[in-house]
Structure formats: C-alpha cells, structure tokens
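So, here's a batch of structures to check.
Below, subunit A partners subunit B and then partners subunit C, in two separate complexes.
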Partner chain A sequence: MRITQGAFSFLPDLTDEQIRAQVDYCLDKGWAVSLEHTDDIHPRNTYWEMFGQPMFDLKDAAGAMAELAACRATFPARYIRVNAFDASRGWEAVRLSFIVNRPKDEPGLRLRRTEAEGRVQRYSIEPYATTMPEGRRYQ
Partner chain B sequence: MNDLTQLIGLAPVKARIAQVTALLAVDSARRDLGLAGTPPGLHMSFTGNPGTGKTTVALEMAGILHRLGYSRKGHLVSVTRDDLVGQYIGHTAPKTREVLKRAMGGVLFIDEAYYLYRPENERDYGQEAIEILLQVMENQREDLVVILAGYKDRMDRFFESNPGLSSRIAHHIDFPDYSGEELSRIADLMLDRMGYTFDEGARVAFGRYIERRATQPHFANARSVRNALDRARLRHASRVFPKLAGADRDLLVTLRAEDILASRVFDDDSAGGPDA
Partner chain C sequence: MGANEHQTITDARSRYKAGVLKYAQMGYWQPDYQPKETDVLALFRITPQEGVDAQEAAAAVAGESSTATWTVVWTDRLTAADTYRAKAYRVDPVPGTPGQYFAFIAYELDLFEEGSIANLTASIIGNVFGFKPLKALRLEDMRIPVAYLKTFPGPPTGIVGERERLDKFGRPLLGATTKPKLGLSGKNYGRVVYEALKGGLDFMKDDENINSQPFMHWRDRFLYVMEAVNRAAAATGEVKGHYLNVTAGTMEEMYRRAEFAKDLGSVIIMIDLVIGYTALQSMSKWARDNDMILHLHRAGHSTYTRQKNHGISFRVITKWMRMAGVDHIHAGTAVGKLEGDPATVQGFYDVCRENRNPVHLERGIFFDQDWAGLRKVMPVASGGIHAGQMHQLVDLFGEDVVLQFGGGTIGHPMGIEAGAQANRVALEAIILARNEGREILREGPEILENAAKSCKPLAAALDTWKDVSFNYASTDTPDYLPTATPA
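== the complex of A and B ==
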C-alpha cells in the first residue's frame, strides 16, 4: 500500500529534476530546507529523524540535492522527506513537506479492531513494518 | 554596484577578465548551436597586495558569470580558513561541506587561501579541507566556481605545494598595485560617495599623503585610502563641531588641507605605525 503523506503524494514519485525544481521554489520563497527520514510511517509520527541540520543560507538547490544523495546512500530503504520551513513572523512553520524516497516494498498499515465495553468497537492503525525492531523494518 | 569598466586602474585585470568573458560568451553561443566541447574551466586565483580590489572584482565576476549563464544564482560566499577548517578531528569535513553547500550555484571566494595549508604541521586539518574542495571543484564544476585570493608570493608557494589545486584553476589573474594618480582618483570617487569634496589645498596634501603612506609598512592601497579618508572625516567633524550652529553646506562638505596634514604620516619622527 502506497503511503500518502505530505504534498504530491498522490502523484507518481518525483524525479530528481522535479525535486530540484520544488527545492528551488522553496529557496526563492526564503524558506529553509531540511531533510528527515523515518522507518515508522504511522500518521501520528510527526517528528522524523533529522538528517543533518536545516539548510539555512542556502541559495541554490544543488546543496540540498547533494545532501539528499548522501541521505539516500545512508538510508536507501527508509522514507525520506524534504521540509521547507518558513521562519518569517506569523508563519514560523513548515510550509511544504513532501516524500522524496520510499522503500521498494511498502506493506502499509494494519487496522486493529478492539472490542470494548458494551460491544463498542475501538479502531487503531499500526504500520505492519513496526512489528520489527527499529532499523530492520524495511530491507 | 559598479560595472567592471568603472573600476579605476587594474588594466591587466580588466584585459584578462574581458578575455575570459569573451571565451564564455563564445562558448555558450557554440553550445546554443550544438557544437560539442567541454565547458571551460572557471576556477580562478586572484593574487595581489591588500586593497587592490580582489574582493570587488570577485563580486563583479559573480555577476558576469550569472549573466552569461555559468552560475545559476550569481551570489558570492566569501570565506577564510576559519570558516572551512575545524578545530578537532572530524570537525573539518562537515564544516567545509556546509560552506560548499551554501556557495552552490554561485561563487566561493576564499580569501588568503594559503592559510589552508600549513606545511609546518603535518596534522593540520587544512589539508582535509583542501581535499574536499578539490573533489567538489572537479566533480561539481557546473554548480560552483571557486576563486582563491591572496598575496602573490604566498599564493605561489601554496600552489607549488598543492599542484592538484593549481592545475584545476584555469585563470591566474594578478592584481597590480595602484599608482599614486589612480589612488587619487579612487579617493575622489570615495569622497563623492561619502558626499564630501577636497578643496585645492586638501587635494595637494592628499597627494603627498599617499606618496608618504605608500613607503610605510602595511600600506593597503585602496583600503588605506579609505581609512585615511575616514580619519580625515573625523578631523573635519571635530573642526566643524564648535561652529555647527549656522554651518553652511560648504563647511559641511569640504575637507581642507589641515584635515589631511594632521595625520601622523606627516610626522617625520613617527615609526610609521599601521595606518596612522
């Protein structure tokens, strides 16, 4: 099951050329680009692991693309996303976030039904991959 | 910002840069027609004494490369050894990469580049920075232009001990010292930008000032001129201050000979301290 989180996730995977164009757009807007990765794709897992520091003072996408190449080399089988943070007053928030790398095999999320008091159904979801310990989830 | 042609003096530098510009323009015209050819090397070294306009020309160069389409953003990142070399093992590589990332799409200007290499200390981390730099200069030529700058003799020695670096630099440009006459014209230009003028006496005095200052140690060409003018403004201000009420425009903009002549450069017994 294809994970859809962040922008562009219902589109086919972005090519490097398209990623570069998106990053250039973010830099033109003055947003700071950063990379994050995870192997726990639960939708409530908001904070992914940072890869390096946010790239403030970046002028051109080439720097971010080099960093992305390094991140993919280190974590080829993890989800990697690009975040663009707008530091201007009033926003101070991530303005754009999109996935740029995903594992080849995505087992997706399991829906758990729990019987609660008075035959009430409680639902929860859980990535199948998280049954394995961290670091061994996607091979 | 000035155009390159508006810079005073520097005739050999302008000639070299005109050559480079012509080469790049021809090259991009050739590429438009689909004529094959490897893109020309763009890394440069600027050598010359302090205050001869290396940084200014580097800024101009960034603009030229941007206009000709050889640099995507055309910004200049100016760094020295401290920005590239770390203080302990494993600190240098991330620091250098960080700077390189920032400079991508523009020009990286490394001032006093010879400090990167310290032959007297074989464990110096500068070597590591040089190696990363070399890698990027070679592999990401379309992303980054590197300009190394520094004194002529020390840069020559630096290149001798780092032949790999020297061979990757296509253009070695030497910046000559300014003549006295050029420095006077530079002074006029600077004064004009500051909104001051010399009266006749001051002009003569400043000519003499430059003559004397040039023979003293730590003379830094245009930078010394700027410093001298700044100090002349100080003296002018303290001369004018008591008469400030009812001062007319003339009094406020005119530097007189006495503002220049009070400089320590004219003391014969002075040992000639830096930028006195």
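== the complex of A and C ==
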C-alpha cells in the first residue's frame, strides 16, 4: 500500500526539482520550512521527530534541500516530510506539509476490532511496522 | 412630503402628543448621525410602495426593527428612547435599479442580548419584513461591532483546529455526499462511504434530509458508516471522516445522536440550518464540549436568500453562522448546479475565512468587519462540480475549502473508488502546479490532461464530464460591477 498523508501523495514521488519549487513557494509566502521524520506512520502520530529547528531565517531553497539530503542520508528508510509554518495572526499553524521520502516497502496498517455492546465495534489501527522497536521498523 | 416631515420633532410635547407621526418625525431618520464603533449596523435594500419616499421608508424600517409601533406611545418617555431608537442615517439609490434604495441603519448595542443570534435576529428581521409601506425588503449586510462579537464563542474548531486534527495542510479537503440521498440501507450506504474514502476523499457526508427513515434508521447508519471510516483510515494511513447528520425533531434526540457519534469515534457531526438558530447554538456548545467538528448544511436558505429584492443575503446568514459557531458551512460553488454568482460567492468565502473584511462592493461587502480573533469557518463547495473544473475551483476559492464531488465521485464510470481517486489526483496536480507558479486558470486543462496520463480514472472523469457546465444567469449578483459569467 501507499500511505497517502501529506498534500501530494497521490502524485508520483516528487523529484528534487519539484520539491525545491514547493520550498520556493513557501519561502515566498514567508513561511518557515522544516523537516520531520518518523517510522510510526499512525495517522494520530502528530509529533514526528524534528530534523533540526524550523528554518525561520532561510532565504534560499538550497538550504532546505541540503538539509533534506542530510536527513535522507541519515534516515533513508523513514518517512520524511517537509512542513511550512505560518506564524501570522489567525494561522500560527502549518500551511503546507508533504512527504518527500518513504520506505521502499510500505506494509500499511492493521485494523483491530474489539466487540462491544450491541453491534458496536471498537476500532484501533496500528502500523504493522510498529511491532518492531523504533529504528528497526523499515529496511 | 414636506421637508419638515423628514425632521425629528424635538419639542417633547409635540413629539409625544397622542396620534400618528411619520417615522422620520419620531426620530428614526437621522442623516447627521455618526455611527459609533459599538453600534450594530445593517444595510437594507428597500423597495417602497408608490408614494412612500425613501427616507421615510428607511425610517420605518429602523423604527419597526427597534422601538417603534404605528402610533405614538407616551411610555417611550419612561425609557432612554433617544438611545434605543434605531437610526436610519443614509439612503442611496441602488445603481441601475429604479425604485430600490440602500438604507443604512444603526442600532445601539444595548438593544441586543449577549451571545444570542435569536435575539439579534428577532430585532433585525423580526417584524419588519411584512411591513405594508414596503413592497419588498432585503437585509444585504451587517456590521457586528467587536464588543458584541466577543459575546459569541464562535466556531468550536475553526479552520486551523480542523486541519491540525485531521493532519491535512496545504490543499482543499475533498468530500462527497452519499447518493442516492434517500433509500439506501445502512449496509449499502456504508459501502459507498468506504469506497470513496479509500479512494482518496477526506470526508463523506449525509445529505440534509437523511435523518432516520424507514429504509435506514440512524443507529444503523452510524454503525455502518464508522466501519467504513475506520477501514478507510487503515487502508490509507489518513484520518477520515463522515458528517453524521444528527438533525432530529427535538434537542433531546439530537443530543442523543451526537453522543452516539462521539461514542463511536466520529470526528465530525452535522446539522441542518432548518433546526433554527437556538438549536444550532446549542449544538455548537455541545461540539465545543466534545471536541467535535460541526458541519452545517444550509438547508432551506434559498427560500429567502436567492431573490435580490426580498429576504436576507446569504452573506448575512454566513456572518450569523460564524458568530453562532459552526465549523463548516455550504457557501456555494459558482461553477456548479446551484445558484451563485462568482463574485458574490467569493464574498461569502471572505466572510468565513478572513480576520477582517474590508469594504468590497464588487463582492457585496458593504461594511468593514473586524472579526476580532473569532475562529474561521471552512466553506464547503458542493453541488454539480467535477474533476474537470478543479483549476477553476482552486482559482476561485483557494485551499481553505471543502470541495464536494457527490455525483462526480459516485457517478464515475469505473466506480466510486476510481471517482474519488480522480478527484484527489486532479486536486493535488492543480495545487502542485499553482505553487510552482503556473497560471492554473489558463493552463488547468493541460495540467489535468498531463496528470491523467498516469491516472486512468482521471482520464475517464475528464472524458465523461468534459462538456458539463451550468451556465445560467444568477439572480443574486453584485450591484456595483457587471456580472461575471460563470466559466
């Protein structure tokens, strides 16, 4: 399966040139770009690991691309996403987020059910990979 | 009418002598009045009867929507009547429309109970719309003072909160209404939901008239839908949702359904505008207390928003709904099957999403409105739209919107999942291109064709609906520019 979190997961994986164009767009808007990575793809896993601080004072997309190269070199088999943060009043939130690296093999998530009263089912979902300890989940 | 008939009678003995006076003479026409920052302001489009002049008609609207009755009453003198009297302070002819006038009216803040849309509307639209000296009356816009806004909690979640809860940023959300909207059993209904969510939509939706009918009782629907939502979340790794419509005959029943939706883990519930303003505020409070996104379907609004000469503009309804506190509101598509001039609809979106609305006559916004930090409402574009219009929709509405393709998903020739995938691929391709600096309105068809090369469902969608458009003249159009033609 293919995890489809992020803004562009239904498109073919973005090339570096395409990623750079998106970073340029974010910098033009005055947003701070940052990188995060994880090997726990649960949709409620809000806090991916930060790869450094948000690049608040970055002017040139080349800086973000260099960071991305470093992140990929360190965590080649992890999910990596680019976030862009808008600190303006009324937003103060991420404005764009998209995946730029993913494991070759994505086993996906298991749906667990527990029978409850009546016909109610209690659901939980769990990435297959998280049965392994952190850092040993994807090759 | 002589000039003195436009003037307030200031001598108290003459003013309060029993009998009938012109509304202007009673003090409801004050052309020199400077509205205060704390006044509630309203703009009415008035069509006076033959022989009724515009100032007197405006004064009558001010009077009948505040303190006046048809005759002088001495008991006014037991009150601070000069303060409580609404003041019509400006009348302009409507450009290009003989017989119609824009009347600006100011209301003292003390006239309104804090945090109550019911009270606000009981004054502003309570009696006056049936008033005989007017042929027709329309409430076009309002300015809510910050002092009054701060008595409303507003949307329980807001655009930012919703995006953070769903973990979806930088693109419109995608939805669809399950079709056919009536008649499916719970099991079949859930099938449609599952296919569409797995295919790539973020939300599915009950329609306005799906409540609890013989073919599908509400508990059945909720259970099957949540099965579909959870299955789709596991299949994609994304948070998925379905607007469970909790509209019912009583508040008690709505609360019961909402509690069940919460118990099953739904992220969102839905209500219809026809439940009324107070019920809506109650559900908003419930949603706030229970971490629930609240979707509003504007069922019934066209009965009073569509015709330009009489009723209420939807921009006013939108303002009231942002105050009352909904997270989603259907606000039009401009290009789809339902009424909506593009500039007017963009005005509704501005009301939903901006921190401040400056005067923008071309979009029908007559007052500067500071929203004072009140959360933003996510507008929903739904009704007769399809993947081939994606560039137009993104160009018109940007990214903070839910685009809902019901027929355009479920009616796809390769099936529901393929229909959803086509919409999602089209959307992501257009957003990617827009961010790259391409002119999506002009290059849109080419961008979509390119994306369709690696996505057969999109190619099929473009082929199936390529000639579908709804080019009818809109009735609710701006008064200050030539009407733009829907593309």
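By our rule, the second predicted complex is superposed on the first by the 137 of 139 C-alpha atoms of A that agree within 3 Å, B and C clash if a C-alpha of one lies under 4 Å from a C-alpha of the other, contacts with A are read in each partner's own complex, and residues count from 1 in each chain.
Please note the rule applied: a contact is a pair of C-beta atoms (placed from the backbone, for glycine too) under 8 Å apart; a residue touches a chain by one contact, two chains touch by 3 or more.
Given the structure is predicted, the values throughout are model-derived calculations rather than measurements.
Enquirer: Subunit B versus subunit C on the shared subunit A, clash or fit?
Expert: After superposition on subunit A, subunit B vs subunit C: fit, no clash.
Enquirer: Between subunit B (first) and subunit C (second), which, if any, makes contact with A:L11: first, second, both or neither?
Expert: second
Enquirer: With the two complexes superposed on chain A, say which partner A:T130 touches: subunit B (first), subunit C (second), both, or neither.
Expert: neither
Enquirer: In the overlay, answer first, second, both or neither for which of subunit B and subunit C A:P43 touches.
Expert: In the superposition, A:P43 touches subunit C alone.
Enquirer: Looking at subunit A, which partner touches more of its residues: subunit C or subunit B?
Expert: Per-residue touch count on subunit A favours C.
Enquirer: Who does A:A21 touch here: subunit B (first), subunit C (second), both, or neither?
Expert: second
Enquirer: Output check: A:L111 vs subunit B and subunit C. Expected answer is one of first, second, both, neither. What do you get?
Expert: It touches subunit C, and subunit B stays clear.
Enquirer: For A:I3, select first, second, both or neither according to whether it touches subunit B, subunit C, the two together, or no partner.
Expert: The second partner, subunit C, only.
Enquirer: Output check: A:D60 vs subunit B and subunit C. Expected answer is one of first, second, both, neither. What do you get?
Expert: first
Enquirer: Taking the superposition on A as described, I'd like to know which of subunit B and subunit C A:L96 touches: first, second, both or neither.
Expert: Only subunit C; A:L96 stays clear of subunit B.
Enquirer: Between subunit B and subunit C, what is the shortest CA distance in the superposition, whole Å?
Expert: The answer is 16 Å, the least C-alpha separation in the overlay.
Enquirer: Residue by residue on subunit A, keep only those touching subunit B in one complex and subunit C in the other, then list them.
Expert: In subunit A, no position sits in both the subunit B and subunit C interfaces.
Enquirer: If you look only at subunit A, which of its residues touch subunit C in the complex?
Expert: Interface residues on subunit A, with respect to subunit C: 1, 3-5, 7-12, 14, 18, 21-22, 25, 41-44, 46, 83-84, 89-98, 108-111, 119-121, 123, 125, 127.
Enquirer: Of all residues in subunit A, which touch subunit B in the complex?
Expert: Result: residues 55, 57-64, 66-67 of subunit A touch subunit B.
Enquirer: Show me the residue ranges of subunit B that touch subunit A in the complex, using the header's touch definition.
Expert: 72-73, 75, 100-106, 140, 143-144
Enquirer: For subunit C, which residues count as touching subunit A in their complex?
Expert: Residue positions touching the partner: 160, 163-164, 167-171, 200, 223, 226-227, 230-231, 233-239, 263-265, 355, 373, 376, 421, 424-425, 428-429, 431-432, 435-437, 451, 454.
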